[in-house]
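Both complexes below contain chain A, partnered by chain B and then by chain C.
Now for the complex of A and B:
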């Protein structure tokens, strides 16, 4: 009896699953093709004749990445509002069209296509995960459109259709290692989530360590979202390393730091340098678990520059005094202003003219003055090591003496020759 | 030696977390045959209960102790609503239950996001649970010890209810033969409700407990649901003692595998092991001999 019921109800279910799968494949295949057909020679449909110009924001407003990407959306909105209040871009008001990437790379690709072809936006801002960027890249290249991507990432990429305003590896990971070496760190332990960014980052760290006489005592990966760190923490503790380099992502940090602390490891006995914990994440991880630990970014809310004070004050006025600002938010805010500066330098909204004008464009960003490199479409940034203080904010304890040129392929580092291949 | 003891304890501790997550499920899935994909979300509700209680009682120690019974109630009541509104209409239709409860899980996740926001919230551990005690040089985290004890208390409570109370007798009777139980005057409807209440309540308690080790966010449940089903299936449906053995065996084995390989490979090995085991023994460690016809 039971068997027959199960069998019968299985059939429509299986059919439904197959139908979804087929539909999914279909849209995936047809997308780039459709994109391709409209490209060659066909000039973009961007309308600059009126008193406004459209720009697109693409962020995950739902799904697992919404936690992070909503904050980027907020700071992009702030930048757009400020630009409009001060007269717009070349006298045209920005009209923002926002799309939800829903934490799914295929959705990002599809929505980006819509923003370019249907909405005719002059430029698109957003994306967070590397997989979302990789999914959007062919769409922007095929349509010859512009994406501004605001998050630190694993490097080894330079598309002429993407401007990268977050740090590449030589503006975050390598400076962090330089700092550790300067502090006399002889041995490190690597802990990361099991996906592309930590694996790439750790390859770079291994090469750096080998070239600089630093010993890597272990390299452990936890599945994304894992909350079980007893074994990893035991290994870390047993290794007696001088420091831990942490590339864990998201909520795993909470479990890691709690369990790290519960076996008696502290910021004094074995400091942890994290590259994915910013001001926004501290309350979720629990301040008592991370106070005194180190982070590597290019921007902190506590940076003492007039541009940053203005940014933080404007952000808090718009979104509430309890909100904090973080590195990706600042990079997103900066990206809109950089695009404005590029357009004004080019005197046109045309993609090729903007691209040609990009090299050398600067902006007094909250993190300090940033300059666009036309060579790889990244920007100069000032790496900073921070320490999480008792209020959950991050104080700069070390900063690079000058802004660091972006080098996404690590071409200028002798020891990294093998990696770029 | 120090590492060995640390690892042994890590295994036991992981086992106790698995047991807590699976105990309620072994009632609702094992005894009643309801595939409740929202079991993890009932845990999530328990975890947020701990957060809410801590907001009104600032002393982390008191709030933890208050959260445990309140978490039980919240999980249990949510379970009752779920059972009363949806599940009772689809007993004997396991596939529909699976889809419906999966939908309920998504609704509960979104509800948590709307109420508490997408970022995970911080539930502080009480001062007396921070730090560790030394056992032959190995640090034994106190939070882990607490969870181990809590899981044993829950287990003892559940066994006591099933063995020694009239309710337990009725639950066992309904599991063995629903029709015969009804003929002898037991309201199977009422028994189902109470069983589901207790099972869901245990999920709530598990949720309170895991706030001590991990993050408290809308997706908390998804971390545990697969492991919980694994424990119940490997242990044998309807067998509390099977679930206990399976939970600790999986916990210890996972720690051993993870230690000798990596976390990801360890997880793979566990899944392979369970699949192979179920090929050899599809009924799980223990099997329930029922007189029902289903």
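Now for the complex of A and C:
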């Protein structure tokens, strides 16, 4: 009996609650054009009145990406420490607030929101995977805040709220293909992990190959984290390609290179060009498996410039002599200095003033002098092909004669017209 | 006090108190960011209500609620992407499709242009999947660990499937960057408050409905099936039907939660629907007390709040802490924190029986536990996972 009485009394109450909730609605989008043009309802809460200014670092400190992203966090910390020791940015000490992206896109989006709205940071640095960047992009655009993204990626993107300090495709993949063509490579085999970066990279490689008379003998994908490569490696061997273009990520490389070696393929008989193996990954993959293989990046620890010597020495002093420096770490280190230069040029921490001042800002980075392009918020970089040496470091075997202008949509390449429509 | 709690006004009063707390106090006290965070936790809590029903009351260890959560979420996300594309782009093709796909909207996306179809599918798609799975599994009398493994495998397969479809589901990037919600501007704080309120109301409605269900004849049967399935069958009921129906209800709750999660959080990706999030849903329920009405909700909210505040300070520590908490609760407090009052009073009673101290106040404070509206108390939670 009691049950039925309660049932009757609950329903109108629930209905009343529902009505109150829906009563408080906000603006509707009646005119899309107007909605498009408004920057955002959120006003900046960045406090620059004191002797310090807050910046946010967002890296995966837990989860599968932690092993890579911790290194970026370390080099960001080094840059912040150096900047603070030399007087800060416009006389203000940097106060770093660090958040963990936990290797999950949703977490990155949520934590980025916290760094912007709750902590009121002047700029945020970090992210690694394309999915983490794609997840954060709408957050930074909606709040009109700044993200500095330090990792090479698949291009086809330019947000006014993101500064891309890693290589885009024409600063890594296309130079690598140019190098292979120069070496007389007539046929290649594509191996990659199944996610957005390898898929997009291979689309570009297919277009390049078609336009340059190079033959693509196969395109194979393995799920992220997959360690079963005997089928793929056999296909690679049977194809008798001149070279392999490898866009595998993470642990898959260990299994791939081990299998590759076990079927008798070597760096001499069929070289592999990898775009996701840097100094940091070599011990993990196993030096004996990858020695002599090629890599394509814009920075190696062995680069002989005064700026790099200083960077490597400072990093080893702070984190230990056994640590190595890699391309994403260098790009992250550079990104903090670039932001400092932008702020000082703008004379303000305001996002729109920093954006306006960004074009042409330069920094004498470990990889060489880099310049920000205001057109697409990417930076000039010097592509380098490297060979993994017996110490597990990477020696430059070919380097672009000058820094390459960023072209994320490959607009200057006739053969790429179809890609970026 | 205890007579009031048992009175016919207890449930409406509880609902009103919950409404006051969630709809008046929380928006007044929290910042826009924290309110959205609470909205996200509430979505998890809605899933938890369903798990509490299926696992706590029905004995079905559903380790794959991520599938239903994901179905609701992706259906909503597809609609929002399509709506945004025609509202802002004009072309009607979501941005990522022209970047990574053919630049054409696949046929199976088209129905979700319609808001009505979307809202219906948010409820019906999880219901249908749960119905088919439930019939296939429970009719064959598959239960216990086998059911748990099966449901978990489904979650793993679902996440792998989504990741492989870069051009049509966004792959591991998922779907994100929503700008409008049925015509409402998602940037407007007033609309954020509205979304939060809708989630809070859905949670309260889910709780009210679950309470009614627990108190009904069906609820009694469900507990009976959990504890003595064979006996229920001999009494002439079909346990498979009862279990399937409960599983469907839990799935629908997860689906609706997923659909609310998308506009509140702004992204859905395979990482939110696979095995790990599916297990994470369970942890809060177990800690809170799975057989009670409020235990799963409070557990889910508590774990989410603890994770958010602890994980920023100690990123790698949290996972171990969560695992430890889970082990401790399952090992020493199978009824979850909801059984704490009973445990404490049982311990005290035992001490009193042994002629312990503090007996002066004993009679008053140790009156039979009135706080649990549920007829089955946490003490009779079965060890269903091992059956």
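Everything that follows uses one rule, which is that the second predicted complex is superposed on the first by the 378 of 421 C-alpha atoms of A that agree within 3 Å, B and C clash if a C-alpha of one lies under 4 Å from a C-alpha of the other, contacts with A are read in each partner's own complex, and residues count from 1 in each chain.
Methods note: contacts are C-beta pairs under 8 Å (C-beta built on N, C-alpha and C of every residue); 3 or more make two chains touch, one makes a residue touch a chain.
This structure is a prediction, so every number in the text was calculated from the model and none was measured.
By the touch criterion stated above, A:172 is placed in contact with neither chain B nor chain C. Of the two partner chains, chain C is the only one that A:118 touches; chain B does not reach it. Contact with chain B, but none with chain C, is seen for A:227 once the two complexes are overlaid on the shared chain. With both structures placed on the common chain, the touch criterion links A:238 to chain B but leaves chain C unconnected.
Contacts of A:161 after superposition: neither chain B nor chain C is touched.
With both structures placed on the common chain, the touch criterion links A:66 to chain B and to chain C. By the touch criterion defined above, A:286 reaches chain B but does not reach chain C. Contacts of A:75 after superposition: neither chain B nor chain C is touched. The wider contact with chain A, measured as residues touched, comes from C rather than the other of chain B and chain C.
When both complexes are overlaid on chain A, the residue A:325 reaches neither chain B nor chain C.
Residues 2, 5-6, 9-10, 13, 66, 194, 223 of chain A are contacted both by chain B in one complex and by chain C in the other.
The touching residues of chain B, counted against chain A in their complex, run 2-3, 6-7, 9-10, 13-14, 17, 92-96, 99, 113, 118-122, 124-125, 130-132, 139, 141-144, 210, 212-215, 217, 219, 222-223, 254-255, 258-259, 262-264, 266-267, 293-294. Taken in their complex, chain A has these residues touching chain C: 2-3, 5-7, 9-10, 13-14, 17-18, 20-22, 24-29, 32, 35-36, 40-42, 61-62, 66, 99-100, 102-106, 109-111, 113-114, 117-118, 129-131, 134-135, 137-139, 141-142, 156, 194-196, 199-200, 223-224, 421. Chain A meets chain B in the complex at residues 1-2, 5-6, 9-10, 13, 64, 66-67, 70, 194, 220-223, 225-228, 230-232, 234-235, 237-238, 251, 253-255, 258-259, 261-264, 280-281, 283-288.
The residues of chain C lying in touch with chain A in their complex are 8, 11-12, 15-16, 19, 23, 31-34, 36-37, 40, 87-88, 98-100, 103, 160, 163-164, 166, 171-174, 176-180, 183-194, 197-198, 200-201, 204-205, 208, 212, 215-216, 265-269, 271-272, 311-312, 315-316, 318-319.
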